[in-house]
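We call the chains A, B, C, D, E, F, G, H, I and J, going by the order they appear; numbering starts again at 1 in every chain.
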Amino acid sequence: MIPRSGPAGAAFLERVIMLFMVQMQVNLPVDMPAERADKLKADEKALAQQLQRDGKWKNLWRVAGRYANVSIFDVESNDELHTLLSSLPLFPYMDINVTALARHPSAI
Amino acid sequence: MIPRSGPAGAAFLERVIMLFMVQMQVNLPVDMPAERADKLKADEKALAQQLQRDGKWKNLWRVAGRYANVSIFDVESNDELHTLLSSLPLFPYMDINVTALARHPSAI
Amino acid sequence: MIPRSGPAGAAFLERVIMLFMVQMQVNLPVDMPAERADKLKADEKALAQQLQRDGKWKNLWRVAGRYANVSIFDVESNDELHTLLSSLPLFPYMDINVTALARHPSAI
Amino acid sequence: MIPRSGPAGAAFLERVIMLFMVQMQVNLPVDMPAERADKLKADEKALAQQLQRDGKWKNLWRVAGRYANVSIFDVESNDELHTLLSSLPLFPYMDINVTALARHPSAI
Amino acid sequence: MIPRSGPAGAAFLERVIMLFMVQMQVNLPVDMPAERADKLKADEKALAQQLQRDGKWKNLWRVAGRYANVSIFDVESNDELHTLLSSLPLFPYMDINVTALARHPSAI
Amino acid sequence: MIPRSGPAGAAFLERVIMLFMVQMQVNLPVDMPAERADKLKADEKALAQQLQRDGKWKNLWRVAGRYANVSIFDVESNDELHTLLSSLPLFPYMDINVTALARHPSAI
Amino acid sequence: MIPRSGPAGAAFLERVIMLFMVQMQVNLPVDMPAERADKLKADEKALAQQLQRDGKWKNLWRVAGRYANVSIFDVESNDELHTLLSSLPLFPYMDINVTALARHPSAI
Amino acid sequence: MIPRSGPAGAAFLERVIMLFMVQMQVNLPVDMPAERADKLKADEKALAQQLQRDGKWKNLWRVAGRYANVSIFDVESNDELHTLLSSLPLFPYMDINVTALARHPSAI
Amino acid sequence: MIPRSGPAGAAFLERVIMLFMVQMQVNLPVDMPAERADKLKADEKALAQQLQRDGKWKNLWRVAGRYANVSIFDVESNDELHTLLSSLPLFPYMDINVTALARHPSAI
Amino acid sequence: MIPRSGPAGAAFLERVIMLFMVQMQVNLPVDMPAERADKLKADEKALAQQLQRDGKWKNLWRVAGRYANVSIFDVESNDELHTLLSSLPLFPYMDINVTALARHPSAI
C-alpha cells in the first residue's frame, strides 16, 4: 500500500495504488459475421484506449501467437476492477483470469 | 466498491470494503519434530484469532478431509493482504491461492 | 457439528450448522436471445435473494473479472444443497463445484 | 435428505442420511522404517474397522494398482466427517478428496 | 477375488465379485428440445432401475451440485461393464470414467 | 466377455478373458544406493518375466525416453490385478494407472 | 531397434520392429445424422480390420465406458504411422495421442 | 544472442538470431464446407512455403496422429513473430503456443 | 517490432523493443539455514535492483499471497533474457515461465 | 517416410529419416555437491556434442528461463531413441517427453 499525497499532502487526498495482472483470452465464434466482429473490436479498442488514458488500464500487451493479452490494471478496489472488465464489449467472449499484485520488496 | 460515509458524509470516514477468498493448503514436512510443529500451529492460531478480532480475517473454514482452509479476508489493498498472509507462521509451508471478490448484483 | 439450542434448549430444536463453499461459473451461450437471457437472470436473482433471506445462501460474491461467483450455503444436508442448486434457473448453464466446509479450530 | 422415523415416528428421532465419497491416496515416505509403517497401518486398520462396525465408514474399496482407496462415509455433518478423517493415523500421509453425495432420483 | 459358493458349494456356481466405480457427467446440449430430453431421461431411469434390480448397478448417487453421478457396478468382466454403460440412453451425452476396485484388506 | 471352453466345453471350465492397460512410472529416489537399486530391479525383472511366462503380464513395453512402461495384463479379476501389481518389488516407487479394456467391435 | 536377420544376415530381410501406443477418443457431434454416422463407422471398421490383417494395427481394445480405444501400431516410421492414422474416416472427429514404445529389457 | 557479421564484418550488418518453438493445433469446425476448408488450407500452404523460403519459418513438422505441427521460427522480434502467426489463414482456427528458445551451451 | 530511428534514420541507433512476461515461483527448501537463505535473497535483491536500474527488468510485482513474482523484462533477444534469468542467485530454486509479448494494436 | 538412396541407389542402402521432438527438463537436487553436478554436466555435454556430430541429435535449444531444452533427434527407431536418451548422464534427473514427428505436407 503506497499512500500518495496530493500537492497539499492532505491525508484525505491519499490514494491506494493497487495493481492487478489481468490475462484475457478472446474466443470469438468463428462463424460470427465479420461486420459484427469488427464493430465489437472497434468498440473494445475505443474503450480500452479511454481506460488507458484514464490511467486505469496501465499496460496492455499482446501474447505472441494468441488472440490474448496480458494487462495491468490500476484500480481502487476489486469492485472497480470487475466493473471495468465486465463493461468491455468483448467480455462475453473472453476467458479472464485476475492476479492480485502487491509491491515487491526488491522493486525500485 | 462501496464507499461508506459516516453521518456527515465526511470523505475521510469513507472506506472501501474489499474481500478476497484465500485458499490455504498446509504442507508441513512429515518429519518435522512435534514440538516445532506444535509451536508453529500455536503461533498461527494466535495470529489468526487476532486478525479475526481485528476484522481482517473475516471467515475461516476448514476444508473437510484436508489440512487446508477457505478464508475470506477484508482488507484495504493487495499490499495489506500480502503483508498479512506472508506474516503467518505457517506461510513458508503453505500453498496459497487468492481470488479477488467483488460485490454480486444479487447479494442482499 | 455445532448443536444450537433454541431458547428453551429443547433437544428437538437443535440443528446442525453445515456450510458448503459453492463455486459457480456461468456459461450462457453467446447466441442466446437477450430476452431469454434477461428472463433467466431475473429469475435467478429473485430466487437467489429469496434463499439469502431464508438464510440458506449465506454469502454470495462475484469473482472479479469472471461471470462466476463464490458462495457459502448453510444447509441441513447434501440433499438439501443439491435440491437448492439444481432448482436455480441458471443451473443448466453452470459448472458448479462444491466443497464441504467444517469448523476450523482457530475460528472465533 | 431422507428423514427416517423411529417406531414412534417421533420427529426428534429422525436422522438425516448423508453420504460422502472420500478418495484417499496414501503417500508413505519410502524411507520410513518398516516398524513405524507397520504400526501406522495396524492402527489405521483397527480404526477403519471400528468405524465400519459403527456404520460411519460404509464402504471401503482398494483402487486397483494404487495405494489408494475409494470410500463412502455416512455421517451427520461435515464436521463429523472431518473429525473422523483427521483422526486416522495415516491422515498426515494422505491426499484426501471429498465429494458430497445426494440421493439420485433414479436410485431404488 | 471373492469366490462365492452356492448352498452346495459347487465350483461351477462360484462367481467373482468385481466392482468398478463409474463416474458419469451428463452434458445434454442446452438447446435439446424438452420432449427429447424428457424421453431420454425417462428411458435412462427405467434402464438404471432395471440394472439396479438385477444387482449390476449396485449403487447410484448424485454428485451434489452437478448433473453427474458416482456409481458402483458389480459385473463379471470389463466387457460386461462396457456393454452395460454403452447401452445407456444417455451414453452419447456422458463423459464417463471407470476405476477398477479391489477388495481392501481393512474392509469388513 | 469371451467365454472360452475347454476340450469338453464344460461350463465350469470356461474363463473370462479380461485385459487391463497398466501404465507404470518408476520414481526411484536419486540417492538410493546402487546396490539396493540393482537388487530391486533384478527382483522386479525376475517376477515380471515369471508373470509373462504365466500369461498374466501379456505385454510389456518401455515408453521411449522415460523410466516407464505400458503393459497389458490378462487377469481374472480386479483383485487378481491388484494382487499382482502390489507384489512387484518396485511397487512402492511407482505411480500406476489402470485402464479397463473391453473387446472392440472392430478387432479381428 | 531389433534388426532381425536370417541365418545369412541378408540385409534385405532385416526389418525394424517399431511399436506405438495410440489412444483415440472419438467425439462425433451428437447431432450428426444417424445415416452419416453409420457410414463413417462402417468405413472405419473396414479400414481398421484391413490394417489389422496387414499387421499394421497390431492391437485394438475398447476403453471400458468410453467411445475410445487403446491401440498398438507396428509401423516402419513416424510417417507411416501418421499416414495410416490420418487416413481413418473418423480422423477428423478424434483426439489422438501417440506414445513411442521401445523394447523393455524385462520383456520376454 | 549471436551477432553475425556480413563479409565486411560491419556492425550495422549484424543481426540477432532468435528462435521460437511454435506449436500449432488446428481445430477446423467439422461442418465447414469442404470448398472453404480447401481454400484455407491452400492459402495456408502457400504462405507457409513462402515464409520457409524467406527463412522465417525455419522448420515445420507434423505431429504424428494429430492435425498439429511443431515449428521453429527465426525472427527478429516478438512483434515480427506475432505478425507472421496472426497473418496465417488458419490463425482463427488454431490454438498456438510459443516457447522462446535460446542458444544451448552444448549445441555445436 | 518497433524500429526507432532518430531523425536521420541512422541504422545503428535503431533498437528493437522486446518485452517478456516472466513468472517466477520461488521454492526455497524449508530446511535451508536462515543464513544461507538470507545471503541468497540479499544477492538476488542486489542484482534485481541493478537490472531494474539498467532498464532490463522493467517491472517487478509480488503475487499477493505467494512467494512469487510477475515481471516484465525488456531485452534484445531470447539469449539475453535467458542469460539474465539464469544468472539470478535464486535461479536454481525457481520455477520460471516466460511469455513473449508483442505490441497490442489497442495500446496507446 | 523419406527413403534416401546412396550413390548407387541400392535399395538396401536406403534409410528412413525419422525425427522426434524431445523435451527435457533437468531437475538436479539443489543439495547435490557442486563437484558431482559439474562432472555430470561435463559428461552430458561431451556426449551431447558427440551425438550432434554423429547426426543423431539434430538440434538442441535451451528453453529461455528454464533448465530445460527442446531437441530434435534423427534416429532409425524408437529403440535407438530410447537407448540414446537413457544413456545420457543426466537421464536419472530429467523429465523427458517425446513427440513423434512426421513430414509436413507444406514443408519445403
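We adopt the following convention: a contact is a pair of C-beta atoms (placed from the backbone, for glycine too) under 8 Å apart; a residue touches a chain by one contact, two chains touch by 3 or more.
Everything numeric here is computed off the predicted structure, so don't read it as measured data.
Counting C-beta pairs in contact across D-F and across H-J gives the higher total for H-J. Repeating the A-C interface, with the same residue numbers in over half of the contact pairs, is the pair G-H out of F-G, G-H or H-J.
Superposing subunit G on subunit H by their CA atoms means rotating through 70 degrees, a value rounded to the nearest 5.
Rounded to whole angstrom, the centroid-to-centroid distance between subunit G and subunit J, based on C-alpha atoms, equals 25 Å.
Separating the CA-averaged centres of subunit C and subunit I is a span of 43 Å. In terms of their C-alpha centroids, the spacing between subunit I and subunit J amounts to 30 Å. Among the residues of subunit D, those in touch with two or more other chains are 19-20, 62-65, 78, 81-82, 98-103. Contacts between chains, counted with the stated touch criterion, involve the pairs A-B, A-C, A-H, A-I, B-C, B-D, B-I, C-D, C-E, D-E, D-F, E-F, E-G, F-G, F-J, G-H, G-J, H-I, H-J, I-J. The part of subunit F that touches subunit D in the complex is made up of residues 20, 22, 29, 78, 81-82, 85-86, 92-93, 96-98. Looking at the complex, you find that subunit E touches subunit F at residues 1-2, 11-12, 16, 18-20, 76-83, 98-103. Taken together, the subunit G residues at the contact with subunit E in this complex read 28, 30-31, 62-67.
Contact residues on subunit E toward subunit D in their complex (touch as defined above): 19, 21, 44-45, 48-49, 52-53, 59-65, 69-70, 72, 99-108.
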